[in-house]
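Note that the chains take the letters A, B, C, D and E in the order they are written out, and that residue 1 is the start of every chain.
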């Protein structure tokens, strides 16, 4: 009984591509008004910000002071006014967004790679492995993350790379926990057992089957975590450990202008608004994704 | 060593729980002959699925041996195990949760072929997948569908196609139809039966629905709290149930037939906890025939001949 | 014939979802007499629960909406009541046992609280008295009083279902709707619960609607049976009518699908095909794509729900005389 | 300039008005109340109410009596103080001459005072006279006694380590509550043997943010605060507030490590000085005035040297090119700051960029900053300091090898300067001192280890009813004579 | 329950040890010489050496750590390098404001976010819901120091209602607490709303409605208790955040709290202070987690019975016997 001796000629033809889960989620996302608003906002922000090298010259527009034009109010030509070095606030916001969002995204990616690995191993194998990983993460959880970041940054020098690393380390424990919880839930589902019954290795099960299922409900959280990280950078900048000058960064701009908020509000207000808008957009998209990927929304 | 195709000896599985050892399967013995079906019935939580998982080595038994074609599969090395997996497959109760929600029908069915690298070329693999879909009656327009887009009947067909992919010899069917509608249920039962006739599969059929199991199998084992309480060929069991639990179970089935109404045996009380069970007949708490003795010793299995055996102390009195 | 307690006429309920409009209940008409038990049988998604929720006034809104029909309790159309009046009916005149006992009880309150609540709500009783009465109810469903102060998770499935029954019966409703009260339970436990329900029914003379997909259960306790398919009643009649003389091909198919414990067959004779997509129902007779006897007519025109013999209705062209009668065979 | 922000008539000594409480905002409150450890103006301000010092200074840094009523320098290595009578410590003990001697001698154990103590050979007492012998002639040594607070020998020895948190002195106020880093409450000492003060309690609290300091006064939470320049006009226009401004001894600088590349090269240092747009950069922060010497303007020894490079990018570029740095081979180095975002440094950075100099800015923790500075690890840093004693010598120490890692953070050394410094130190006349100091400033302007950048005005806002607050040029504030209307 | 609490408290020990090892290691690796910080820049190398010897900084790091922990074990957290005060005394002064700030904001989060979340869930998709969703998003997205500055300008400067500074009177506590909890209001009202919507869909809510209960009772009694768990989790997790985030609030409002102390100590490389601060903070976070879990069991009897598991099992066995 080695092979099924069915002589039926296989049809071979395939039906036109059906929409995938993601396409499905996309359809649902498109129907979600606030998510669409968020996506439009986010897309606009990203396009405007990331195309800034096309219309801004870093040396001349972004970092070059004009000490004759300091703290000018918004006017023609300098739509959002100038900062205490006479630099165009708008140009710095646009450029700074590349850095703020870039750091947030990269830190999130780093922490989700580490977090997913740890969470998946911990959740899948359970037992002692789980115990060791989780207890170590508990330790990191018990140190307030801002403090941890400050210590790390002050040990490693506040370069952008180190900021990303410090932010990522700060958020690894919570990411791992989320992933672990998902993995635990998915591991308990029958399909994992079904795949094991076919002889798949643990590696294959984790990478091909569990992680894709575990991550998609978390994607919205990851998106929102980016927002949290951008806020964390601004907190670090407040204590002077954020992105180092002359690079503009929203948090740093926001906190450096706070001294004159009563006179020249625009120096603080506009970076703040940019930050808030981005975070709002990210959150809206994240919320939308969560709903779109919610299995209960499936038929 | 006997000449049975499958022989299970004193199979035990205890789970460690915070409350103590949970005796999920506690010393089960049975045999299955090639091309035959054994039905396993019993209350929820009596260890049916655990037995099924042990048979497919998804769980390590705490104790006992499982001989498959004369080889004890509990002692295989991981490498040998991979080979063995090709021969033993399992179909699960809930076709939705047993399919990866993020894989298309094609990939779900192709998964075992990929794991074992059975086919050298993509085309061969694809052909095999279409062949299997045809076999279980799935139209090929579903190759790119996701489980959530399909109904229960089709999902279960994917599960079956996947189980058949590696041309197994023995299939554990763990309540394959209980999540399905009656009309679909019949389609699937027919399919399984047809496949058995066509390819000579050996089935272990787990269910709590006695009418289904009667329709489907040659021999039935009734389990109660991890133990076998009665085992007999189908006809014998239905005609002559000996264990009080089997009797109650049989009488409890609501029959959609107005003429054949029978007297119910109603069980009182709740199922006892399987955690650290005492030295007693596990059914004693609910048994109307139970005596002091039943509450003090674990009954042995009595062989009544003709493949009929019962675990009851008072077998000869009731 | 007894007095009519509940009469549903052309009840139509639709769900307006993102994926389109689901016609969950389509022109359903039913009658329940006093002291009588009506069984509603049908497969998943047939609209059984939705019908019941319609009667309870608990259809999720949005997305659900009652789009037509009448529900007469005695002589009042309860669909015309305002929310507050309707609320007073619930639990008192009509009560309902939900499908899944595991989730129907609030996990954070003791069982006695949950029973006492409905008593206190509808009868002018103090807390202590309501509790006393709740404990009586528990004993009535054979749960010892000393377990009254436990939480649902400490109970087994069968016990929980009995608590749910106790809640439903606590105020002696005139109509009890039981939505698949035993599906989630083991056979032996199911037998206990069914026995209990039968017992209570004979004692309190409550009318009952029993929703199930298990014909066996129906044969145990129902007097009248209605078969639902894709939001419609396709056949209704007395228990004998349906079991001895099923008319509709779907009803026949259902009987053919169940393995008969007393018969030996190699293969079952299932209904081929699958339940239609509820948001995209076929034209004409909704069953025609799966019907062995379907003709062209069935796919264009919708049959009428017609009385075939006194009290025995069916929705099939055969009984309208538009198709030859001999084609539909009784199941073997 | 007149340093007393007095409104109306100065009140007569004895006609004490109602006793009252005030609250004063400082930037930082030290972690330690031992006056010997005090190293910030803010802490000193608190100390001046609790303690008395040997001598004090008027607003032009002329020496005026403190505990010492008279002083003289019979020769250039001897200082004689005549100590006044009637002083008592807060615990009731009268102040003795031993206490006075002890107050100096104990500083030998305080590392922070090592530089001061190294000048002193011995301190002796006889009667009410204290005679200090110096190790070498030192014209500025006497000024350092403005920083020597009189402590109780007995009490200090009893208290040991605890002293830092519960000090007693001879001043008119006692410490009643101290929360390190946050708050100090002083209470008028009932048994103060001299003129009674009019303010009953003074609460000093720390607020770092300049805008918050002003808000505290504006909202009436505090009665007195040094405020930021940005709030100046607001304070002036606020009818409920009195406003005061005055110069300070603050001296801002850019320091370059002369022992490390590339600033071991004088041409590159000069190039930096040429590239420093002092006018423009100082304008970033309101209230800053550019300076051209490390010696504050109000000191008699101040000299504006023509040698100091004036902003001229072209010259800077030429110098750099001479040293082989140009667009193809840009000069690169790292600048350190500990101030968080430093717009001035950023402006300098941008300026340098235009002449192809790549300056990285690194923000360091203060501790790390200090350590790297002392270890000669840095290349360029920005900073500033203030002087409370009007001591020319300590300003000039920035160029003296004896002060490596302390005042001379650039590790600059020049034999000629050493010689001149010794001259200033040993000077017995003002003219002599001025002459040598001028020469040092000329050489320093030529070698520019440090670029003097700017000083800043001090601005204060206070409750309109608060009178007779003394605000010293050095930044010290005294409420000893203050009163509430 | 008591045993459970004891067990949990015991589990905190390894965590605290872990935290102390990591922080000690980080501090040892970080640049900066404590001796220099203590003695000042003028200190001579010989004096520095003596000071290092005295502080035990010349020992290998594990020995230093071990010596430190030996003292901690008997409750001696040492003396701060920079203030010369006993670290315990310092923390004794600074902990209360931080605790008030942290728990005050947790408390306000609870009393604001839960009712708001319920209101939003009940009025799902109403204009009120939509407006509040946008408003709360803005609040959640605002960095704390920014909203802080704005609030100071509004409430202290323009309206003169609240002091801009300090933390000693109840009125001075209002702004810092609101400021550090405002994002929490937004986030947690969203969480409550979501879990409320989730709970409202549950079968037991339908059961409650089928009893003929008033909708307000259904929501308040049946839905709320079940919907609280995610909010409790989130608020419990926020404790750590409150401690970290309070640094900024402390700086902004001039509060003399742990956060500012820790930052200052970090700047001064004041190892005893940092270590003690971190250890105590981690203990508080662990206790807060424990409290969260106890709050769970207060809300949910299923969790409660898990704690009392052993006893429970015996009872079940008892039932089986009769």
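Operating definition for what follows: a contact is a pair of C-beta atoms (placed from the backbone, for glycine too) under 8 Å apart; a residue touches a chain by one contact, two chains touch by 3 or more.
Chain-to-protein mapping (UniProt): A, E = ABC transporter permease; B = ATP-binding cassette domain-containing protein; C = ABC transporter ATP-binding protein.
Please read these numbers as outputs of a predicted model, since none were measured by experiment.
Participant: Going by the touch criterion stated earlier, list every chain that contacts chain A (ABC transporter permease) and also contacts chain C.
Facilitator: Of all the chains present, those in contact with both chain A (ABC transporter permease) and chain C are B, E.
Participant: Which number of steps is the smallest that gets you from chain A (ABC transporter permease) over to chain B via touching chains?
Facilitator: 1
Participant: Would you mind pulling out the distance in Å between where the CA atoms of chain D average out and where those of chain E (ABC transporter permease) do?
Facilitator: Chain D and chain E (ABC transporter permease) have C-alpha centres separated by 41 Å.
Participant: From the C-alpha centre of chain A (ABC transporter permease) to that of chain D, how far is it in Å?
Facilitator: Result: the chain centres lie 47 Å from each other.
Participant: Could you state the distance in Å from the CA-based centre of chain C to that of chain E (ABC transporter permease)?
Facilitator: About 52 Å separates the centre of chain C from that of chain E (ABC transporter permease).
Participant: Any chance you could list the residues of chain D touching two or more other chains?
Facilitator: Within chain D, the residues that touch at least two other chains are 209, 365, 368.
Participant: Hey, what residues on chain A (ABC transporter permease) touch two or more of the other chains?
Facilitator: Within chain A (ABC transporter permease), residues 154, 239, 255, 258, 261-262, 299 contact more than one other chain.
Participant: By residue number and range, which residues of chain B touch two or more other chains?
Facilitator: 270, in rising order.
Participant: For the complex, give me every residue of chain A (ABC transporter permease) touching chain D.
Facilitator: Those in contact with chain D are residues 59, 63-65, 67-68, 70, 83-85, 154, 157-158, 237, 239-241, 244-246, 252, 255-256, 258-263.
Participant: Which positions of chain D touch chain A (ABC transporter permease) when the two form their complex?
Facilitator: Per the touch definition, chain D meets chain A (ABC transporter permease) at residues 209-211, 228, 230-231, 234, 277, 280-281, 283-284, 339-343, 345-347, 349-351, 353-354, 360-365, 368.
Participant: Applying the document's contact rule, which stretches of chain E (ABC transporter permease) touch chain C when the two form their complex?
Facilitator: Counting only chain E (ABC transporter permease), the residues touching chain C are 201-204, 206-214, 222, 225-226, 299-302, 305, 312.
Participant: Could you pull out which chain D residues touch chain E (ABC transporter permease) in their complex?
Facilitator: 31-32, 34, 39, 111-112, 114-115, 161, 164-165, 179-183, 205-209, 212, 215-216, 218-222, 365-368, 370-374, 405-406
Participant: Please name which positions on chain E (ABC transporter permease) make contact with chain A (ABC transporter permease) in the complex.
Facilitator: Spelled out, the residues of chain E (ABC transporter permease) in touch with chain A (ABC transporter permease) are 14-16, 18-19, 22-23, 26-27, 29-31, 133-134, 137-138, 140-146, 149, 153, 157, 237, 240-241, 243-245, 247-248, 251, 262-263, 266, 278, 281-282, 285-286.
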